[in-house]
Amino acid sequence: MTIRTVVWNEFAHERENPVVRDIYPDGIHAVIAAALGREADIDVSTATLDEPEHGLSQARLDATDVLLWWGHKSHGDVSDAVVERVADRVHQGMGLIVLHSGHFAKVFKRLMGTPCSLRWREAGERERLWAVNRAHPIVQGVGPSIELPNAEMYGEPFLVPEPLETVFISWFEGGEVFRSGLTYQRGAGRIFYFRPGHETYPIYHNPEIQTVLRNAVRWAYNPVAWPDVAEAPNVPVAEAPETIEAKGASLHQAGEAGFR
Amino acid sequence: MTIRTVVWNEFAHERENPVVRDIYPDGIHAVIAAALGREADIDVSTATLDEPEHGLSQARLDATDVLLWWGHKSHGDVSDAVVERVADRVHQGMGLIVLHSGHFAKVFKRLMGTPCSLRWREAGERERLWAVNRAHPIVQGVGPSIELPNAEMYGEPFLVPEPLETVFISWFEGGEVFRSGLTYQRGAGRIFYFRPGHETYPIYHNPEIQTVLRNAVRWAYNPVAWPDVAEAPNVPVAEAPETIEAKGASLHQAGEAGFR
Amino acid sequence: MTIRTVVWNEFAHERENPVVRDIYPDGIHAVIAAALGREADIDVSTATLDEPEHGLSQARLDATDVLLWWGHKSHGDVSDAVVERVADRVHQGMGLIVLHSGHFAKVFKRLMGTPCSLRWREAGERERLWAVNRAHPIVQGVGPSIELPNAEMYGEPFLVPEPLETVFISWFEGGEVFRSGLTYQRGAGRIFYFRPGHETYPIYHNPEIQTVLRNAVRWAYNPVAWPDVAEAPNVPVAEAPETIEAKGASLHQAGEAGFR
Amino acid sequence: MTIRTVVWNEFAHERENPVVRDIYPDGIHAVIAAALGREADIDVSTATLDEPEHGLSQARLDATDVLLWWGHKSHGDVSDAVVERVADRVHQGMGLIVLHSGHFAKVFKRLMGTPCSLRWREAGERERLWAVNRAHPIVQGVGPSIELPNAEMYGEPFLVPEPLETVFISWFEGGEVFRSGLTYQRGAGRIFYFRPGHETYPIYHNPEIQTVLRNAVRWAYNPVAWPDVAEAPNVPVAEAPETIEAKGASLHQAGEAGFR
């Protein structure tokens, strides 16, 4: 069985900035998709902001097991309807991998419920990601740490909820630290935030980063379908697991739907 | 120092339904406020849906330490602007206590990032809340369990994130269970979800329920002010904790704000 | 690749009590092993208390991926050396599934760090396990709840640490609740506590319970080997990731081992 | 009400090593106790390894609200009986603050259930502790980070369970990171692990470190007494919250204690 994977990218910097274009001539999504698509169990395609519905129609999302998200300067251009649609699919079981500046993507903030703010500096400094949870499936195949010679700095405090698991913590040359790999569950969906990926450095060409992304796709894949996860069904008295009789006053008539 | 506490209520059922009016002639908020206001360290006031800005102006929220939220049939009438304002204040450090049917309140879904769905039945059945974390400040002064002779049933699965702490779990006469007391942190703010409180039963008149609410107000109170919690400040190279020199290409000009 | 699985049982009640013997003539371990062994990916064997080293020699444990543990009246007869050996292997990556009265097994208390105490009643009452986290791999293939017509009651508070995930919560006929399925990570090893299994009822013959056990074995299996997980290696100055020079006073001579 | 606080120190290096003696002529415990004792709400005393029962008799522990623990070279000399006694008191509600090399103290390993291993280097390098959870009571009164000019390095992976909260993360000059402030609950007791404190540097003289210690004492203080936390009481049929009749076979006779 293959994991149907979509790599989403706003695809803006690569078309506007020559430095970025040199590194990612076909876009960041193309490089990530190529890295994932080498694996027999991953069936990968891409989607970008300027496609109709940003390439994320309901039918497309319904046929997606894991979505990767790269966005930066165009967060505000992502339609709220698509954001809700993606969040709904995560709740139903789709995995989501949020990359780098995606910390401020609408859909990440929507799923975290927090500001997702941080400190930052663009100085091409050295970053070293330490695998804090070395037994985690996401870090298999990489060493104790991953070193990136040039990276944008993200510094704590990172305003996200306490994670399910802290997988990576980054050290920066300039003196800061950052929780760079964090896992969450929201509804039936698994979420992995992965920090590296600034567009002016060739980070997604790094073999260890690619290994982490492949691991993350497999970890985020949950072969569970829960289409009505957001429903709040009434359990009538006659269908209660234990025999009971209704007592006291009621607000609802029998068969009435709940308020929402 | 007193904890500036606001009890918010949509205040609809009490004006429309004679059963509810008999139990809460001045509204659910009035009974809760009276229970909290007996304490010297809690300074309590109330707010309702039909006040201007639902009684939750920016100035009012800025002067609020802990907000309690009761809503049910009018979730959809709460303005999105007020929801964002409340969420922002939670991020900045305001405590939030979400009551009963508030599981579907816009602001709770906003802060959880999940559907917050559940199963339900209105049969006046018996509920028993077990204090799972008996050492938690929220359960002090109540026994091993709280018994409610008549309650609406809420059943698992409850679609919220794994909590920081599970404080109460409910047993229902009809055969279901529910995580009835859960804690979270979002930004600097502490959140407590507390299940009991159906409007057709006198639950907020129960002395043990009132004790839990008072404990929860004190627990949720965090004397921290973080007004710019959502900001993502740049840390210029010259202000890096360690001396570094900028290397490689940059996307941003010096002094430019980040994208969001 | 198969998951090398060992089912451990103290194997006492089945030999001493006719009621238990009727249900488990060859021991609880035999029934569990048969249920697991039907699967092509699980390679199962058993071990019992009165074997040399309780059947858990270092060589045997080193060749074990997942260990299931059933104990009750003989907790005190398990040698401390074997307990440490099992705990060490969990830290190195072996999965551990602790069953029912194993909550008081030395190795479970050793790995939790808490009393693992609870309330109990042996009245053959009805139990219903609700799948709180319906998207979890451990609950796939079973319905929203599992009903056991006769069970020993375990009641909260259950003195374990906040779990990584709450998977099942039980409802009991007599009015109590219990967190019946909990996950943990200790070192590189995954741990699942699963409540059902009282020896006077045919609980491990139940097909849904058997499905949960098979799921749990697969979930607990972590193909990671970390034999030196407990070591605290020195990182000499010359091997620091960044070039540094030693400053200030030192307690240790170069090459000296740390204290423990 | 004052918080009855005991600072425990093995008190070995200070008597054997002139560098350490110069920094802590009366012992590390004396400096910490002086820092805590300036506060009106903290009533502080000290205890050391070579006192009878290491200064931690049952009576002393029963009258202790919060215990701080500094040990390094003498972990192996701490009696197992005292370790169990301290762990039992934590379960009953006593707070515990474990300092620096206490990561390998018997009582910390006992309460964590993990190896508590890490990487280390004694090079007097610079450490910067970032307050990851800036809203936490333990970090109030200190800046975004605490800088220590000379520190022993501790590096990840740190083999402890996922914490309740990650409070501090350290950056080291030599290139490593470490989760330097972590909270846990074990039984009714709150535990804070705090990394800084190497004996060859004057770290406990640092005013910000002292502020953290004072905050931690107040956070760890839980005015709850649960002396029988480890008991597993039987709930007889006649005292079940719901009326039930015993069904099926039983292993235990009425009134019998459970196995352990």
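The first chain written gets the first letter, and so on, giving A, B, C and D; residue counts start at 1 in each chain.
As a working rule, a contact is a pair of C-beta atoms (placed from the backbone, for glycine too) under 8 Å apart; a residue touches a chain by one contact, two chains touch by 3 or more.
On a predicted model such as this, the values are computed, not experimentally measured, just so you know.
S.K.: So which chains count as neighbours of both subunit B and subunit D?
M.R.: For subunit B paired with subunit D, the chains in contact with each are A, C, in label order.
S.K.: Would you identify the chain whose Cα-based centre sits farthest away from the centre of subunit B?
M.R.: When every chain centre is compared against subunit B, the largest gap points to C.
S.K.: Among C-D, A-D or B-D, which chain pair copies the contacts of A-C, with over half of them the same by residue number?
M.R.: Looking at which residue pairs coincide with A-C, the repeat is B-D.
S.K.: Approximately how many whole Å separate the CA-defined centres of subunit A and subunit B?
M.R.: Going by mean C-alpha positions, subunit A sits 27 Å from subunit B.
S.K.: Between subunit B and subunit C, what distance separates the C-alpha centroids? Give it in angstrom.
M.R.: Those two chain centres are 36 Å apart.
S.K.: Among all residues of subunit A, which ones touch two or more of the remaining chains?
M.R.: 128, 133-134, 155, 162, 164-165, 171, 175-176, 185, 187, 241
S.K.: Considering only which chains touch which, how would you classify the arrangement: line, ring, star, complete or other?
M.R.: Chain contacts: complete, every pair touches.
S.K.: List the residues on subunit C that touch subunit A in their complex, please.
M.R.: Contact set of subunit C toward subunit A: 93, 128, 133-135, 137, 140, 145, 147, 164-165, 171, 185, 187-189, 222, 224, 226, 241.
S.K.: Could you list, by residue number, the parts of subunit A that touch subunit D in their complex?
M.R.: 128, 130-134, 144, 155-158, 162, 164-166, 169-172, 175-177, 179
S.K.: Within the complex, which stretch of subunit D touches subunit C?
M.R.: Result: residues 13, 17, 19-20, 72-76, 87, 91, 101, 104, 110-115, 117-125, 150, 153, 155, 159, 161-162, 164, 173-176, 184-187, 198-201, 229-237, 240-242, 244-252, 258-260 of subunit D touch subunit C.
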